[in-house]
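Some structures to go through are shown next.
Each of the two complexes below includes chain A, the first together with chain B, the second together with chain C.
Up next is the complex of A and B:
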C-alpha cells in the first residue's frame, strides 16, 4: 500500500510543508542522528551505504524530534523510560527524577566500593548507566501469555514476545512497582534506585514478577499448540 | 462476448424470479447488485512455531528452579528460532502480496473495484 502511494506522490510537494509533526508522507525518510555514520570516509562505505546516501540526497527527510540528539549521552532506552515515567507531558520532572535516580545509584555503589575489601572492589559496578541497562535486561520476560479462545473457553497460551514488547513490559513493571508497592513517603528516585539495584543483583519484586510469569507459562505449556502463528 | 454472457445471465435471473410456471426460486429482499469490494480470503491456519525450543527451555527452567543464568543456551536457541519464524512469516506475506501467480489478491481487487464503482445515481 505504502509503495503504491509513494509511486503516486513522487513529484508532489504540499503547499503547506509539515515540519516536526509525527505524520509524514511515506516518501519522507528517517533522519540519521548518530555522528559515527557521517565520519566514515568515502572509501570505506559498503555499496548499500553508498546507495542509501545517494537516495538521501534526492529525497526529503523528516525533521528529527526534540528527544533525539547526536550527543554521546543520547540513550534511546533511557529516553523511552523517561517518556513512560512522564505524567501529563511533564518531561522536565521525569528527566529530573531519572537524573536523581542515576546519581543516587552511583552514590550507593561508590559507598559500597569504598567500604568493600580490596578483593571485592573489582566486582562492584559503579557506572549507573550500566546498572540501569543490566537491571532492565534482568527484568525482561522471555515468553508471555496470550488469551486465546478455543471451543468457547479462554486459555492462557504461552507465546514468544517481540523485543519491543519485552522492553516495554520490563519498564512498565518497574514503574508500577515503584509507584504502588513502596512506602508512601519515599521519593520516586529513592524507590527507583532501590528497585534498580535489586534488579541488578536479580532480587526484588520486579524480577519476582518476571519469574511468576515464567512459572505460569511453564504450567500452561500444554496449551502451546493453540497458537497458530 | 461479455454482452452475450450478460444477457444470458439476465434471462436466467428473470426466469428464476418469475411466477409463471411455479413458485419463484429467488425472492430477493435487496436489489441483485454486486458490491464494490471482494471479501478477504482466510489464510490457512498455521502451526505453532518454536514449540520444541520452548518446551526444552521450560524443562530446563523446571530443573533449575527458574534461574535464568543456567538456561542461557536454551534461551538463545529459543530467541534464534523466534527470529527465524518472524523472518519466515514476513517473507511469506511479502511473497503473497507481490507474486500472485495469475490471481489478484483480494485487497488489490477491492482497490481496483473502488476506482470504478457501481453507479447508484443517474448521471
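Up next is the complex of A and C:
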C-alpha cells in the first residue's frame, strides 16, 4: 500500500527506473489521456464521474505509456499495426514507414482524383485512413481453423474467432505478404501501399489468402462437432 | 465564417506597371464566384504582384513550368506539383521585397548581390524560384544553379582538367547543368555571339562570332570538356551582359554556401580536394564577384546539403565561413521567416481545397490548433505533417 518507494532506494539503485512495465500495485489507477473528459464543467458531472474524480485526487496514478497521446489524430488500430511492424523495438522506423505508406496512398488517390472527369470524382476515396480501415476489414477472416487431436490424429476443425484474433490475423497476413512475396528492391511503404489499395478493392494476395482459409473451413465442415467449446 | 472572410477581400487596383493594366478586370467589378477564393489570386505575373497579394497562391501556367524550372525546385514541391496537377506558389514578403529591389536597381553599376537566409524549411528555395519566374517573365537570361552542394559532394567521376593542370573537372554534373540551361534559355542561345575563339582539342575549336547555342550543344555532347564549356559560357555572359547592341540582363540564382568551406571529394592519393580546385566552383566564384554589371546575383544559404556545418546554423556568418563572407560582402540580406498567421491560414485553405487534408479531425478547429502547435508554422514541417493526415 505504500505509495512511495523512496524508503527502498539503495545507493546502487539507479535514480531513474523503468516504471511502466513493472508490476504496479493494484492500488494505482489508470491515466486518462482524453482531453474531453477534463473539459466537462463541474455542474454537468454525473454522480459516478464525481466519485471517480474524488478517488483520483487521493490515489496514485500509473505513468502513461509512450504510445498514448491526447492528440485528435490518435488511432488505436494504427498504433497496433505500427507495433506489429516494429522490429527490435525500433518504433521510429516503423512509424516512419506507416506515415510514408499513408502519404503514398493519399498521393496516388489524389492524383487520380485530380485527373478524373467530374462524374468519376465522387467514387474515388482519397482518405488514407478510410482506405486502411476498409482494407483491414476486407482482410479479416470470419472463421478460423484449429488443430484438435481426436483418436491419435490431428484434425483441422473450423472454429469461431474473437475480434482481436481476426484483427491480428489480418494485420499479420498483410505484413508477411509485404515482407516475403514482393520484389526485393521495392521499399516497404511502396509494397504496403500497393497491397492496401488492392485489399480496399478486394483484390490482391491477402484477400485471396482469407478466401482460401474460408474454403478450407467449408471443406472441413464435417469435423465441426469436434469442437467442445 | 467563410462568407464573412470573402466580404473583406480587397479589390484589385490598377498598378503603374506598363503591361499590367490590361491584365486585370475593370475596377468595381467583382470576380466571378466560382473562381473566387481567399487564398488564390488571378495575378500570375510576378512583376504585377504587390502587398495586397501577400499570402495568396498564384499559379504558374503549366506550359511554362518545365521551361522555367527544369531543375531548382525542392523535391517535395515537385512531388506536390505532380499530385495536385498544378504548380502554385505563395506570394510572400521576402520574394516581394526582392522583386521590388530588382525593379528599382540601377543596372549600369556593378551587380548587387542579394542573400536569402533563414531557418531550415522556411521557404528560401521557393522564394528563389519565385524570383526566377519573375526574371523569365521579364525576359532576362537566367543562370539558375540550384545547389552548389551537388557539385562538391557525391561525385563519382573527377577528371583532371585539360585547361589547368591542378584543377579537377566534373563531366556529369556539368553536362546536366548545361542541358537544363539550354531548356531555360532557348531564345537567347541563338542571339548571343561569342567574342573569342575557344580551342577544345587539336581538331575541335569554336570560332569567334558563332552563336552560344553551338557552344552549349558541344558541351552537352562532348561530356569530357563540359566543365570547360561551362567556364567559357559564364565568361562570355559576364562580358556581354551590359552590351550596347540591345544587351540583355542576366540573373544568377545560386544556392551558395557550397562554394566555400570543405568538400567530401578526395583525390586518388586520398588527400581532400579544396573547392578552388574544382573548375565549376572556380568559375562560379568569378561569377559571384561583383566586377561585372548589367544583372543581379541572388543567393540562398542552405543548411540542408551543407557539409561539416551544425544543423542549428542558419545565419550567413556561420554557414558561409570567413572566406565566403568576405567574398560575398557587401550583399543585401533578405531574411526569410516562418509563416505568419495569414500565410498559415492561406496554406491550410489551399490544402483543404486540393483535398490534401483528408483526416476528418484535421478539418476541425482542434486539428488546426494541433497542426500549428506541432509545426510551429514552419512551412516544410507543416507540409510533411499534412502529407500523412
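Note that in this section the second predicted complex is superposed on the first by the 184 of 229 C-alpha atoms of A that agree within 3 Å, B and C clash if a C-alpha of one lies under 4 Å from a C-alpha of the other, contacts with A are read in each partner's own complex, and residues count from 1 in each chain.
Criterion: a residue touches a chain if its C-beta (ideal position, glycine included) is under 8 Å from a C-beta of that chain, and two chains touch if they have at least 3 such contacts.
For clarity, every value in this text was computed on a predicted model and none was experimentally measured.
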With both complexes superposed on chain A, which partner does A:160 reach: first (chain B), second (chain C), both or neither? first
Going by the contact rule set out at the top, does A:53 touch chain B (first), chain C (second), both, or neither? neither
Figure out whether A:62 sits in contact with chain B (first) or chain C (second), or with both, or with neither. neither
I'd like to know which partner A:142 touches here: chain B for first, chain C for second, both or neither. first
Would you check which partner chain A:218 touches, where first means chain B only, second means chain C only, and both and neither mean what they say? first
A:127 contacts which: chain B (first), chain C (second), both, neither? second
Which partner does A:113 reach: the first (chain B), the second (chain C), both, or neither? second
Please work out whether A:73 is in contact with chain B alone, chain C alone, both, or neither, and reply first, second, both or neither. second
So the chain A residues that chain B and chain C both touch are none
Can you name the residues of chain B that touch chain A in the complex? 45-51, 54-55, 57-58, 61-62, 66, 68, 75, 78, 82, 85-86, 89, 107
Of all residues in chain C, which touch chain A in the complex? 79, 82-85, 354-356, 358-362, 364, 366-367, 370, 387-389
Residue positions on chain A within touch of chain C in the complex are 71-73, 99-100, 102-103, 106-107, 110-111, 113-115, 126-129
Footprint of chain B on chain A - complex, ascending: 1, 138, 142-143, 158, 160, 162, 202, 211, 214-215, 217-218, 221, 224-229
